[in-house]
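Note that subunit A is present in both complexes that follow, paired respectively with subunit B and with subunit C.
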Partner chain A sequence: MPLQFRPILEQWPYLLGGAWLSLEMAALAFACGMLIGLVCAALLQLGPPYLRRLITAYVTFATNTPQLVQIYFLFFGLPEVGVILPPLAAALVGMTFNAGAYLCEILRAGMLSVRSAELEAADVLGFSRIQVLRYVMIPHVMKVMFPSLSNQFIIMTLGTSMASVFGVEELTGRTMSLGAETYLSVEAFIVAAGLYLTISLVATFMLIVYGRVIYRIKARML
Partner chain B sequence: MPTPAQSLSYYDGRLLLIGLLTTLGLAVAGCGAGFLFGFAVAILRTTRSRAMAPLRAALFVYCLLLRRIPFLVTLLLVFFACQSTNAGLSTFAVALITVGLIATAYLSEIIRGGLESVHAGQWQAARALNFTHWQALRYVIVPQAWRVILPPAVGFLVMFIKDTALASQIGVMELTSAGKVLGNKGLPSMLVYGMILLLYFLISYPLTRLGRRAESKLAFARNR
Partner chain C sequence: MSHRSRVLLLAACALLAAADAAARTLEDIIASKRIVVGVNPNLPPLGLYDAKNQIDGFDVAIARKIADALGVSLDIVPVGPSDRIPFLLADKIDVAAGGMTRTADRLRVIDFTHPVNTEVMGILTTADKPYRQLNQLDDPSVRLVQVRGTTPVKFIKDKLPKAQVLLLDNYPDAVRAIAQGRADALIDVLDFVLVYTKNYSTKWRVVDAPIEVGYDCLGIKKGNTALTQRLNKEIAVLHTNGLIAASWLKWFGHPMLYDPTAQAPVAVSQ
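Presenting the complex of A and B:
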């Protein structure tokens, strides 16, 4: 049976809308996860011991269980205690929960990579705290973290496909509906795969350019 | 309200056990196949001859594609493709094929990174001693590279066990599906999914620890 792409490609605005939702979800979950990760990483360095243990437990748990089952728990489990999350919210909360843990690990590794001698040197040169942050810490830390952060963002963009399981109409969800309507599932998923490939390649390229221009990262990324 | 009749029975436990074994089987078989084929892919990509250039390009595209298409999309694509060719494969076989394809792509990148981490001088030294390409790989490069390969490979296995949860979407009876079945049976979802999370954790956590230990040990041995 020859592949028929025309009925799928005719629906391009529908699919692109789904792809846009995927990107939005990834960006939102990444931003919220970054916030959680920053707080957790900072508390791991400075917080009281019991808080440190709590955060370690959170990171260990979140990184050792599947995101899909975490979202299942949020979506099907929480209504039993009266918290009813709509599919999109459940997916986003699950992704944020997961991203927070991974980003915490990345940020912690970055913070550990700052040498105290560098900070002392900046102090000797009479840098203010803001200047130390701006000229010593961020350039140094970002060189270590930026590739991992970019990688995490790409992984999360691809991971949004999981939300389709709960009926969110993002790219994979719309592809499933389109495949079911037209009986052309194979073609629909080939188109979706192409879209995911394009999105991730464009995002990678943009992140590489950004890293080169802003943080002068020369190393090959991703 | 959960009634006493809705507590876990012997058969529920059996279902969970089967699910657990299926999950482990998928991950281990996928990673095993991935390691085997990934090694072949990585080694073919280290070749330098011009005759191999089209093959190298094809393998490069293969690795690029499968690492940039979400697991779920690849899974459904393989699933529908198998369906439309009337191959008559079980959903488990479909999941196994997908898992193997994806693991090959990821592990070949890890293995290639390991092979490239060996200093170029080692290749030159091997050539100076009149080793062939294969002899150099077998006796010089791989013995040094595996220390670099092993820790991220374990990390990948841990990630992969969690990713196989997606196989529940095409109806493979693994751990997540078992949880879904128990949930549909009327057991409290919180209990069921909490239990599933715990089971995944119990598989994944020791492996994470093992990977970390291997990493610190091998890193020490490498920096001598």
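Presenting the complex of A and C:
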């Protein structure tokens, strides 16, 4: 049977709305995850031992259990103790929780790559720990780890698709609904794949431009 | 079913019927001492494969009772939703069970016995919710939970555009969403959904007025009147002696929601 794209493409604004929501979710979860990751990475380097153990436990748990399971717990587990998170909030909290752990590891690796001479210089100049973090570590980490952070953002953007399991009408959710309504699932998912590809390429391009302007990183898309 | 699919189905059925010899009559069935019944094994608990990979379920239980009453052995043939009518028309089966809802389209191609059971599209909610009628759900404060891709989703879009709809992937999760207070109600064929409510201490309630009642009958090849009449008689006996109700209770875990021998209700969706 020939593929029929017309009924799917007629719903273009509906799918585009889903793609935009996917991008928003990824951006928000990434921003919050960066905050968590930065604090955790800094505490792993400079914090007291008990906090390091606690953060290590968090990172171990979050990076060794599937994100889908984590969101499932937030969505269906928490109501058992009286906390009902709306679908979008549950997905965002789950994504942030997961991203925080991965970003912590990326940022920690970046911090470890700071040369000891720089840290000693900061020490000699009388920098406080916060100042060391602000003026020595973060500028270095952001430049060195920018490609890894960009990859993490793209992975998170594509990972938003699992939110559809919890009723979030992002791109995959809308694609499944459209496929069920039109009986043209293959066509719907081909269009969705094209949209995901477009989102990823646009995001990659913007990240490359950002990296080139802010951190003077020379990277190419292809 | 789209108009195009309907035309294709009717054309295929007509072709098969034209090419086919006469169906096995009641006399043939009794003389051969076997009746062949088509059951959909992928429609639990109407039809399913048991631990020994044999087809079992409500439809098989009813078919067994009918075979016993006719004094013949029972052969079960697995059929799917799309091939059960062609199987009947090609004489591969004598009787088609498997959720054979009586519809005007199908009546043009095959005959139906009297109803064996009903399928009720209704509203599942909890005892503390005030809903008594479908139109009460057409409100922005109402949170419905549905399974993505099922027929009621389109129905809700058309009839209850103001309600919030949460789409989940399966029935257990949809029922759980109501039990946990995440949603207020679910609209679906409740006969197949109620089994999941038993996992929760929630006080469930099915809204009395059904949205739509489907009548599941046995499908018989058109013109095989003696067989249809005899099966009608046996079905009436099974209704009267309570065997259909008992089988339903056994397989579904709750009584049939709408009595198939009662007068058809006025559908609230109309």
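Following the convention adopted for this analysis, the second predicted complex is superposed on the first by the 197 of 222 C-alpha atoms of A that agree within 3 Å, B and C clash if a C-alpha of one lies under 4 Å from a C-alpha of the other, contacts with A are read in each partner's own complex, and residues count from 1 in each chain.
The definition used in the following text is that a residue touches a chain if its C-beta (ideal position, glycine included) is under 8 Å from a C-beta of that chain, and two chains touch if they have at least 3 such contacts.
Remember, it's a predicted structure, so these values are computed and weren't measured experimentally.
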{"item": "Which superposed partner A:Val165 touches (first subunit B, second subunit C, both, neither)", "value": "both"}
{"item": "First (subunit B), second (subunit C), both or neither touched by A:Glu10", "value": "neither"}
{"item": "First, second, both or neither for A:Phe76, with subunit B first and subunit C second", "value": "both"}
{"item": "First (subunit B), second (subunit C), both or neither touched by A:Met176", "value": "both"}
{"item": "First, second, both or neither for A:Pro87, with subunit B first and subunit C second", "value": "second"}
{"item": "Partner, of subunit C and subunit B, that touches more residues belonging to subunit A", "value": "B"}
{"item": "Which superposed partner A:Glu24 touches (first subunit B, second subunit C, both, neither)", "value": "neither"}
{"item": "Touching partner for A:Ala193 - first (subunit B), second (subunit C), both, neither", "value": "first"}
{"item": "Which superposed partner A:Glu118 touches (first subunit B, second subunit C, both, neither)", "value": "neither"}
{"item": "Residues of subunit A at both interfaces, subunit B in one complex, subunit C in the other", "value": "76, 79-80, 165, 176, 179"}
{"item": "Residue ranges of subunit A touching subunit C (in the complex, touch as defined)", "value": "76, 79-80, 84, 87, 165-167, 169, 173, 176-177, 179-181"}
{"item": "Complex contact set, residues of subunit B against subunit A", "value": "65, 68-74, 76-77, 80-81, 83-84, 158, 162-163, 165-166, 168-169, 176, 179-180, 183, 188-190, 192-194, 196-197, 200-201, 204-205, 208"}
{"item": "Complex contact set, residues of subunit C against subunit A", "value": "145, 148-150, 153-154, 166-169, 173, 176, 180-182"}
{"item": "Partner subunit B, residues of subunit A touching it in the complex", "value": "1, 60-61, 63-70, 72-73, 76-81, 154, 158-162, 164-165, 172, 175-176, 179, 185-186, 189-190, 192-193, 196-197, 200-201"}
